[in-house]
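Both complexes below contain chain A, partnered by chain B and then by chain C.
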Partner chain A sequence: MESLKLRAEHLEVLIHAIRADGYQLYGPLLDNGAITYGEIGTASDLPQGWTDEQEGGQYRLKRRADKAYFGYAVGPHSWKQYLQLPRRPVWKASNSGGDLQILEIEEAPVKLAFLGVRSCELHGIAIQDRVFSQGNYSNESYTRRRAELFTIALECTTAADTCFCMSMNTGPYVRLPSDLILTEVVNSDTHFLLIRSGSPEGEAILKQLPTEIATKTDLKQAIEAVDQTAQKMRSGPRNFDSSDLKELLYRNYDSPIWDKVAERCLSCANCTMACPTCFCSTVEDSTDLTGTKAERWERWDSCFTADLSHLSGGPVRADTRTQYRQWMTHKLATWYDQFDSSGCVGCGRCITWCPVGIDITEEVQNIRAQEKP
Partner chain B sequence: MVSDQRSLASDRALPKLAVWKFTSCDGCQLSLLDCEDELLLLAGQLDIAYFLEASSQVKEGPYDISLVEGSITTPADAQRILDVRRQSQVLISIGACATAGGIQALRNFADIQAFTRAVYAHPEYIATLKESTPISAHVTVDFELQGCPINKHQLIEVISAFLHQRPPQVANHSVCIECKLRGNVCVWVAHGTPCMGPVTHAGCGAICPSYNRGCYACYGPKENSNTGSLCHWWAENLHVENTLIIENLRNFNPLAPAFKQESEGRADGDSD
Partner chain C sequence: MWRIERRHEEFPGTVTLALRREGHLEVPALPGQFNMLYAFGAGEVAISLSGPSAPSSDPLIHTIKSQGFATQALCRLPVGAQLGVRGPFGHGWPMLDGSHRPLVIIAGGLGLAPLRPLIYRFLQGQLPARSLQVFYGARRPQEMLYREELPAWGKSFELVTSVDHADTNWNGHVGVITDPLRVSAVNVKEALVLLCGPEIMMRFCIQVLRHKGVPASSIYLSMERNMKCAIGLCGHCQWGPHLVCRDGPVFCYQDVCKWFQINGL
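After this line comes the complex of A and B, so read on.
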């Protein structure tokens, strides 16, 4: 089969075709000093010509020398905000003279499409699928929003210094199913998107686009663009061997490293909010002043709050040391027992968006080093 | 459906509410009057028996719920709060003054006599205590609602909770969680703006970061507030001067232990 490419100026046609198919399209845009996700109406909404520089506790937008549409790494938002809503009403109840009525809140069906989903993010969605749709704790809201999701994935050609998907085997090459898959190539001579479909729905969209047959040179350039991302991560400081993480963390439940991290950790929960797989939520029940109306809301919660582990008699994890240990051990070790995979996709958001730059890859090395006699 | 036997007001007159003022600016009590949409509903559920800010008509105690605003700064106040406690079934302290001493607790870090000498022609007439202290330093407090001023929705939530004998939905976590729920870009990480959000108690809905400025901790410390680590990063990575760090710790809640300890350490030159 021949490979196809879409010239950069025809990205607009792709956006239009998806929206014309009834999808709410979300993708990258510039927002207040970062590249976040939001609703996309036209190609001019995209952060063309922008990139980012990331380190522990620091994120800065930068101008690129070229006009790349997807020349940035992952930002503060993740796609989970559209699938596992940050806040949502679950039910409302009223009690009028002993007549108790409970009204379940079911939102109208929605067709979501995500533009620019990186391989690490496809893995993130797949992990949340296992949590919310395939296990014992299904979340109907998530499953409904996920059902008709259309993804336009992106072979990753820009990694931040905080990225470590190579270590977690989650990128930069797109290996998981996606409706469409793009590879952006931009240089002084050319600007195009290599495009392929991965589903009948994707194929139907692809057929509407003014694509051209990609040349051997086009293909070579596309492969090189992703290869250099892989090379950057492979030679970066955050590259590490993750094959023994589960055993390592199980062995180090009482490591002194946890005390060291707790001295720095603010238990502010930013890592868990930014993480594309962290799925904890709580329900808030409240009544009105009259006591005749009640509501239950679901909202994101975090293992960095004492409330999350509050059982009869008090919180199981009241202090920062046990909260950080729980987060990291769950993410990298106990997740395997619970969901048969790691809970980490190597996107680096927890490193960048930690206000004090705590680095999960560095803590792995610290625990490993501490173990050695 | 079985009716709830625990309800405060099921078999007698409406529960009586009292609102007390100590040393404060009145902003927190005004939050109650500011509950425009809920005020009539509130008046239907509670007998507003003592609330001088709203009415000079007062009813005798005892009271079912007392809201206490302000800190204790005079010998007379120190006596009066004991009387308020005796008359109150439930005592809820509201606001930064009542829960952590308020701005006036800056006196605790200085010489109060120097202040009275500088301000008053006859300082000998001034009967004031050396320190401004929170209500909990004097009497048992059933619930503390933090904030400068408090959030009116949280106030209604707390009153509703006590009326219907359920736990108040007032989360002890950071402002950061509220920011992230709103989808805000972090002003600290993305702009380099010093922000107290990571150590500050939620409740405001992350107002300041939503308008691109750093949180200045008017809600006081959250649970497990690691001010030492935050201040270290401010100094080393955001290049904030020690004086400004101390000011941020002492803005509104200077006596909250997590803020007090760090600010005193920094004032003594023990900066890290």
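After this line comes the complex of A and C, so read on.
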């Protein structure tokens, strides 16, 4: 099959076609000094010509020398905010004269489209699918939003220093299904997006676009752009062997490393909020002032709160040591037993957005080093 | 909607509620399973089923200790009041096969509640167990559950009770339940042992049982963790690789002994 490319100036046509198909389109944009996700109306909403510099506890925007649309890595937001809503009403109840009624809240149907979904993020969505939709019970709000989702994936041609998808086998090449898949090529001679479809819905959109047949040179440039991203991660300090993480962490519940991390960790829960797979939630029950109407809301929760493990005798995990140990061991080890996959996709958000720069990849290596006699 | 048909105060702060929903045939819950009970506006809490007394008869029975906001509200509800019920959830006690093993039940405090349905089944001859021994420890004589039923139970099977703090009318053991357990005659080779109570109590009882020679595969325990959704989606009740609401609350000790030794898990 011939490969197709879309010239950069025609990205607008893609955005228009998706919106015209009834999708609410979300994608990257500049907001509050970071590249976050928000509703996209035109190509000019995208952070064209911007990139980011990331390190443990650090994030800075920087101008690029070129006009790349997607020349940055992931920011503080993840797509989970649109699928597992941060806060949502679950049901309402009324109690008039001792007659209790519970009314489920039906969410209005919504067709979501995500532009610029990185491979690690496709993995993140697939992991949340396993949690919310593939067990005996499902989170119906998530499952409904997810069912209509249209994804325009993106192969990464830029990796932040905090990226480690190569270690988690989740990128940068897009291998999971996506409706459309883009690879951006930008240099002094050319600026285009290699584009392929991965579903009938994607194919239907693709047919509406002014694509051209990609030349061998185009293809070579695209492959090289992703290869050099992979190479950067492979040769970076956050490259590590993840094949035995479950066994490693199962052996190390008593590691002194947990005490050392606890000296720095603020239990602020930033890592869990930024993480694309962290799924813990809680519910809030409340009544109105008349006491006859009640509501239940679901909202994101975090294993860094003592309330998450609260029992009548107090929280099971009352200190930072056990909370951090729970978080990291869950991500990299117990998740396999709970949901048959890793809970970490190597996106690096927890490293960048940790206010004290705690680095999950470094802690893995610390635990491993500590174990050796 | 569910209504409170009967309400019985076991002792101050702990009540047993009988719940019925008119016009419905209930899905029979298995001993050891739990329901989520919702008190209007106050919240929802996981409560094990402490009845009904026979598998076929409703209403559903729950024993609740007033501790947090939701349990306080549930304990205050009068007869006739409505409440929300979701369930039953989780894996209950292992169903005995036809081998008629001797059954040993060890309960601490409120931990007797999820085991009572099994005791009823034994009394009604519906449990294929050769014999039943029940070890029940509580803080004080007046803080024992189902006190009106205990004398009859003691006549039908071996019932050993112990309290931490006795009063002048107390004739049973004083101290932790492990003491009478240690000196009792348990058929260690064949017995199936079911435990429910505070983690520390289960920990010491398991030590005694293992020392006596009871295999880990013959010991079952009911774990308590904070269950919010009860359907494996909210993450609250994680216990190492387990979601207690989904994989438990009853576990075979052999499957969880590694995790049971880790504090703050």
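The rule is simple: the second predicted complex is superposed on the first by the 371 of 373 C-alpha atoms of A that agree within 3 Å, B and C clash if a C-alpha of one lies under 4 Å from a C-alpha of the other, contacts with A are read in each partner's own complex, and residues count from 1 in each chain.
The rule we apply is simple: a contact is a pair of C-beta atoms (placed from the backbone, for glycine too) under 8 Å apart; a residue touches a chain by one contact, two chains touch by 3 or more.
No experiment lies behind these values; they were computed from the predicted model shown.
Visitor: Quick check for you: in the superposed arrangement, does A:322 touch first (chain B), second (chain C), both or neither?
Guide: Once the two structures are laid over each other on A, A:322 reaches chain C alone.
Visitor: Taking the superposition as given, does A:136 touch the first partner, chain B, the second, chain C, both, or neither?
Guide: The second partner, chain C, only.
Visitor: Could you tell me if A:267 is touching chain B, chain C, both of them or neither one (first, second, both, neither)?
Guide: first
Visitor: Let me test your reading of the model: by the given contact rule, A:100 touches which partner, first (chain B), second (chain C), both or neither?
Guide: Both: A:100 reaches chain B and chain C.
Visitor: Between chain B (first) and chain C (second), which does A:338 come into contact with in this model arrangement: first, second, both, or neither?
Guide: second
Visitor: For A:309, using the defined touch cut-off, is the partner it touches chain B, chain C, both, or neither? Pick first, second, both or neither.
Guide: Second partner only, chain C.
Visitor: In the superposed arrangement, does A:285 touch chain B (first), chain C (second), both or neither?
Guide: both
Visitor: Tell me which partner A:76 touches in the superposition: chain B (first), chain C (second), both or neither.
Guide: The first partner, chain B, only.
Visitor: After the superposition on A, what does A:299 contact: first (chain B), second (chain C), both or neither?
Guide: After superposing on A, A:299 lies in contact with chain B but is clear of chain C.
Visitor: Which positions of chain A sit in both the chain B and the chain C interface?
Guide: 95, 98-100, 285-287, 291, 318-319
Visitor: Applying the document's contact rule, which stretches of chain B touch chain A when the two form their complex?
Guide: 1, 3, 7, 38, 41-42, 44-45, 156-157, 159-161, 163-164, 166, 169, 171-174, 176-177, 180-181, 183-186, 188-192, 195, 197-199, 212, 223-224, 226, 228-230, 232-233, 237
Visitor: Given the complex with chain C, which residues does chain A contribute to the contact?
Guide: Residues 93, 95, 98-102, 131-132, 135-139, 253, 279-283, 285-287, 291, 294, 301, 303, 308-313, 316-319, 321-322, 325-326, 330, 333-334, 336-338.
Visitor: For chain C, which residues count as touching chain A in their complex?
Guide: 1, 38, 40-44, 65, 67-68, 70, 80-84, 198, 224-226, 228-229, 231-236, 238, 240-243, 246, 262-265
Visitor: Going by the contact rule at the top, pick out the chain A residues touching chain B in the complex.
Guide: Touching chain B: residues 31-34, 36, 57-61, 76-77, 81, 86-87, 95, 98-100, 263-270, 273-274, 284-291, 299-300, 302, 304-307, 318-320, 323, 352-353, 355-357 of chain A.
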